[in-house]
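Order as written gives the chain letters A, B, C, D, E and F; numbering starts at 1 within each chain.
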């Protein structure tokens, strides 16, 4: 259906676009037009790509025509391609939102080029089948996010960028350390090759692998913001412009989650009773502490920032339960949650545009100001809180169903409690911003033009809620591919690999 | 690879000579009383010491056919060009930065000139 | 134009040095490389004339310098390793006859590399070169060597 | 066909709620929404024969079969009764609302929310799939939330809405747990399958459903949300919070009753919760002075009564339960609407300020009194019938229950009388002017505000006078619950049964309490319970928020130092355990083969490196810090030389040079040469040192484990070594890896590098300039002619050297990056010797363009291979001969390398220039 | 040799940590640089520090493992970009805030 | 064949020389002293690289030595300029700044 070579476009398309836009960084119309066109085009392409993979199986690209494990390969399986589709969906929404909201000075200072580099890094991280290459793409998305976070050089931005930079660079260093240990022990960096070698050995590497699993968990967990590594997140994610917050909050931490997902299903599956049990404990603590933090806040964007953490907990829970159903659940969780989170951050941006603040005490009564806005918020927020029949409900439903099936009632209970507290904090935002006294200055900004991006995201939230079976069947295929590493290994190393 | 003993001896002597001057420069750096005096040691002895070592490698590697020795020559030229410029830059910076001569110096034309040109 | 050509030829030779191979092929490549470097990184050049005389003088200067250098290092070794340090140092203004910056640079460098002296500063009007003397007892002797030795050669080259 | 008719009950309101009239006619067309419940009622009536015959209607569509989800609906007697209630009461409420909010511009929105609720409620009672039921169940909560908070500018409304949503959401989540448990046990969500299956659901799952039912039906201790929900407009209160939504819980209990027929835990839980709610609600109702609050608490109490009956599970009790559901809907609907009309006309709902409305509103007085009397359980009204059955049920049970039942009925009697007496019959409280004003208002009072009440209380009377009507309506529902048609028959006169005597006793006690109410009511009303459940709720809410704020403030200090500490301590703690296991529990056999022994000078260099690192820590002035860092970098390159890595050594040195310049350039913005006082040895310093030592040991330990632990052989190095020239045309394997084998890494790497310049440009050019640097404290001095002449001479030599390194990169140490940084160093040196602009303005290009061209060149080299049908970055080798130059080997990877070169030159130069110009 | 280098890496990481935990932003940046030096050495160690010729096919076998060298090169370049960014960030923070003391940059959590 | 042995001796000697210079770099007392000491160290490192390449019988590291010499010079000049003017690279002499 889709030529395998075209999958490179999800990585190289953005970078060529970025270079082009950087060259013409003062051309206003060009910047916006090209950005929208390219993001829409890549979005469409990503959907076609996903369909193609669902139909024809995993696509493997050899960079430079070198076979694994010698060259770098890109692997587009359902999991990674779903992430790419998700990324591009959010990207389209963010670009649509940015067209109207990005300050002219910021646009002239490489807002769009940096954003496309960010997309390149994210897509690269999702698609790569090589751990060192994953490191490289992590760095790509990191430096793009550094630059975007600091864009504007306001004191608050610079301050938070410092935190973000320091923490992430530390994590990156340990990523390198773990790669060093990995190469020393396993003699390869290719994920499929690693998985293959681990499958072929009989336990003598297990202690080393457990150590490695923990270092990788530290690295990816820091990026994903799980307990006890999440402390850095809320501050920096509060700062940037709303469109970026949406992308950061929606997609960036998910790269870390994806990496955990990938490594803990493909590579570190030697001793789930240690590694995955640890994931479960961390997931529970992440879920609770994140939402506790959210409840303690009085600003919409801050509440949303803390919620990122809490929701990460659910995803890790799905991975930690480590059954095909729970993995499908984790992937299913990812999609609506990312959509809702991004939509909510964009809505926060609209609120900011309309009133100049997102603080619950400074704003109020927006419901009467814009019914579409408040409806969109409610749909996204209730989805996040897991209220049926919105997509978020089924996310929670599937993960918890998986937990019930293997009798992990405690974690199911914590998951439900987390859902309740999420609802409480969403209601807090609703009460503070959309209901209550009409406070806060109203700026004469037409809000309707800011909404198409949000509408797109909410459309999918509602759509998935009404037809959960579609995404679930995708998630099941993904889970089937992920649960049995042999599928992945055979796709990468060739079907005639010796077992 | 084997080398004729005369080359072996030449290289060893040059190396040891180089080391000797390098160490001399460093001793000067440690012993002399102010930064200007110390720079005398490093700009001359150290440069000379490196030159000795480079010469050793020039002969050695050229004999082994690994190098025509032209690049080593380039290094020597470069070192002899840069060491004084560097010393000059530090000296003027130190002087203007207020690092005084040891014991105030017996003669200081520079100070006089600076004072008159400031007026 | 001539200066540039001369410089370009120097660059081509430098290329051959780097390649460890002096041949026409490398020279041509070196010339092209040097040309492109000069095209993409254009900088102004001083006018230079009478190369051959200058080259001869330069070679003489090099030999003179190497001789002084050897003496210098021995002096420094003696001073550094002497059991007692009884050095009276100071900065002396040396009146310059040269006016060309490149040649002043060469002079200053050679002064630094010779015993007991170190160039500290050139006056902006090129009137003086300020030299740090490790031992001010030898000032006259040193200044004579500079005046009659290094600076004389350089003045000849400058003409 | 009947299936579609069935789901039309849900689709009609759902579609209706999506209809938005155009702004101009919105107010006038709003009442048209009332057509929906009317149509629904007709549909419900059309099912009468089916239900009467004891049959049901089932329909099902696949939704997400892989998840066990089906859109399956079923109608039986029980759901039919509820559909009737929803649509029937709906008709009255919709009509009433049209008049009640005639001039309110939000009426249309109210209708749409009500329709949404209506659809959800229909869904709850019709859903056959448990998940589907939960979907509608939560939808009722959402619509209730929107309706309670309808007057969103009032803080109390928002608070009430959240409280209702929050508490019912607890139920929803617990129910989800129960549903999942059921699925884990039985593998299905279909109610009909579960009900048909003889294997019963486990008690634990059952209790989950009960919690949901209790929250929804405002059972103790979740009852607190219902009085707060009275902030909703009165039609909403009548519809949701009296007649329908609160009965969803009852529906759920009733629906599941057959499954728990012999479950004592279920029965005991339901009965006891119902009893407590019954009594406690009655007490609270008596205390109230607000008409709606009184009714709300009475609703709590009445719901408790029904729950109690459902828990008893006897035939009489179940029959009484369904009967009372019907009766309660009628009289409570009427009473809520009465409260609304009274407020609408008199402007207040405070019972102490009301009174004497009888002459002004005679019709309303009659209707409301009859409804109240029905609630009080007096004959010949509907309430009497159900109360008689209630007494019979408790008499069958035990004495304690009977006593409590009588007490509760007395309370019911009392508050019913307080309600209608206080409103209509008590002496007027108003001053004459107010009286006049309200009577003036009453003349405008339309039929629409009275008629629905009259009809509803008429129904309450009718159910008493014609018991067979009520019996006919509830029998199908009862049959579903009980599994068999009822043996008993309703009649007003049952003979002198014990139940009748209890009724008499109730009237006597209740009547005396009413007469004596002045003695104690005032005192009770004044006396605020020291600790109500509402207080518990709000205090725990604020308490938790404070706790969360406090704990967050404890660790979220905003200081990056703290965050780094957490991170590293987590790492130390997390990794030391497996490392201990690795070395301590299963010590590996150390294989020293292949590990080279160090030479003396290598040890010395290692010591130097360690010393330099420590020197960095101890450097007091920043410039020494920076220079020492440069020393560390230089030593790194020596290590690379020792490790036979010339490319790395070159790269490291050059990078160090540029970094050094960069550091020195920004240094002037920091306090220069000021000796930074070392912090005193303190807790923090000790902690820092501890963490530092820990991390150092940890990293060493980690690598030590990697070295001594088992390892697998790698085919990769030998592959690279044997194929680098053969397949990729390069002798420098490292460079071939960089531009070919793993060229994709390099693509990412130069992207990182390019972004650095974009980020720096943006960071420096945007935002405020801030304070000027401390440059003024330095002596102004002229540029050094010595340096300048030297710079002039060396620029092109260095450039030629750079190009030499670039071109030879594929076969010898060098390559795009090294050449690029060397070029940047050369340019930096020019800028140092001259002014930044005197150099940069002479250049015929801009750094940004160089970056872009380089990036596009690198990308283009890779993408070019796509055009000829090879994967991205596939390289090609060609040999070409040129005049004078001879034969030259060209590899496309060279294009890639040149791209790298351009990016690196542009970026390095761009960054340095940007800072220099600032 | 491996063990010597491992010890050096440990020292680099220890000192890096100490600097990262210092009060001044510039020291933090220097600490991060020490970290990346340590990580690069670790990558070198991962190839096994066997004595051999550089992986240039113009010299004679045995060669050392070329892959770690390529990885380190990439890592050096990336960390160079990162350090450049971080340095300029520190400088802008100092400019805009008037302070580079990390404690004074605390906040942002309300 | 005494060169291999002599080269080790020389390398140890150079290491010693570097260590002694490091003492000056630590002691100071003035910043220029430290700069001079660090410059001396890097020149010693150049010598070390050359000796290592003699030991390894490889000309590959000559380039490294050359580049290190360049770095050493550049660092010294940069530090000197920093000490002298606070600015490593001077802005426009005419103070023609871009607006912004």
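Here, a contact is a pair of C-beta atoms (placed from the backbone, for glycine too) under 8 Å apart; a residue touches a chain by one contact, two chains touch by 3 or more.
Quick caveat, the model's predicted, so the values are computed rather than measured.
Asker: Work out which chains are contact partners of both subunit B and subunit D.
Answerer: Intersection of subunit B and subunit D contact lists gives C, F.
Asker: Going only through chains that touch each other, what is the minimum step count from subunit B to subunit F?
Answerer: The distance in steps between these two chains is 1.
Asker: With contacts defined as at the top, give the pair, A-E or D-F, that has more of them.
Answerer: Most contacts of the two pairs: D-F.
Asker: Could you name the chain whose CA centroid falls nearest to the centroid of all protein CA atoms?
Answerer: Per-chain C-alpha centroids compared to the overall one single out A.
Asker: With chain centres defined as C-alpha means, what is the inter-centre distance between subunit E and subunit F in Å?
Answerer: Each chain reduced to its C-alpha mean, subunit E and subunit F end up 20 Å apart.
Asker: Distance between subunit D and subunit E based on Cα centroids, please, to the nearest Å.
Answerer: Centres of subunit D and subunit E (C-alpha means) sit 40 Å apart.
Asker: Which integer distance in Å separates the CA centroid of subunit A from that of subunit B?
Answerer: 57
Asker: Take the average of all CA coordinates in subunit B, do the same for subunit C, and state the distance between these two points in whole angstrom.
Answerer: The computed centroid separation for subunit B versus subunit C comes out at 15 Å.
Asker: So which bits of subunit F are touching at least two other chains?
Answerer: In subunit F, 14, 16, 31, 35, 53, 58, 60, 63, 66, 70, 72, 77, 79, 81, 83-84 touch at least two other chains.
Asker: Subunit D: which residues touch two or more other chains?
Answerer: Expected reply: 552, 556, 558, 560, 564, 568, 644, 646, 667, 699, 703, 706-707, 714, 716, 720, 741-742, 745, 749, 752, 755-756, 759, 763-765, 767-768, 779, 781, 784, 786-787, 790, 801, 812-813, 915.
Asker: Identify all positions of subunit B at which a residue touches two or more other chains, and write them in rising order.
Answerer: Residues 27, 39, 47, 67, 71, 74, 81-83, 85, 88-89, 92, 96-97 of subunit B touch two or more partner chains.
Asker: Which two-chain combinations qualify as touching?
Answerer: According to the stated criterion, the contacting chain pairs are A-D, A-E, B-C, B-D, B-F, C-D, D-E, D-F, E-F.
Asker: Going by the contact rule at the top, pick out the subunit F residues touching subunit D in the complex.
Answerer: Touch list, subunit F to subunit D: 8, 11-12, 14-16, 18-19, 22, 25-26, 31, 34-35, 38, 41-42, 45, 48-49, 52-53, 56, 60-61, 63-64, 66-68, 70-72, 74-75, 77-79, 81-93, 96-98, 100.
Asker: Inside the complex, what are the residues of subunit E that reach subunit F?
Answerer: 53-54, 56, 59
Asker: Under the definition above, what is the set of subunit C residues touching subunit D in their complex?
Answerer: Per the stated touch rule, the residues are 7, 11, 14-15, 18-19, 24-25, 28-30, 33-34, 36-46, 101-102, 104-105, 108-109, 119, 121-122, 124, 126.
Asker: Once bound in the complex, which stretches of subunit D touch subunit B?
Answerer: Touch list, subunit D to subunit B: 779, 781, 784, 786-787, 790, 794.
Asker: Taking the complex as given, what residues does subunit A use to touch subunit D?
Answerer: 5, 8, 12, 15-16, 18-20, 22-23, 25, 61-66, 69-72, 105-106, 109-110, 113-114, 117, 120-121, 124, 132-133, 136-137, 139-140, 143-144, 146-147, 150-154, 158, 162-163, 166-167, 170-171, 174, 177, 180-181, 183-188, 197, 201, 204-205, 207-208, 210-211, 214-215, 217-218, 222, 228-229, 231-232, 234-235, 292-293, 295-296, 365, 367-368, 382, 387-389, 393-394, 396-398, 400-401, 404-405, 412-413, 416-417, 419-420, 423-424, 427-428, 431, 434-438, 467-469, 472-473, 476
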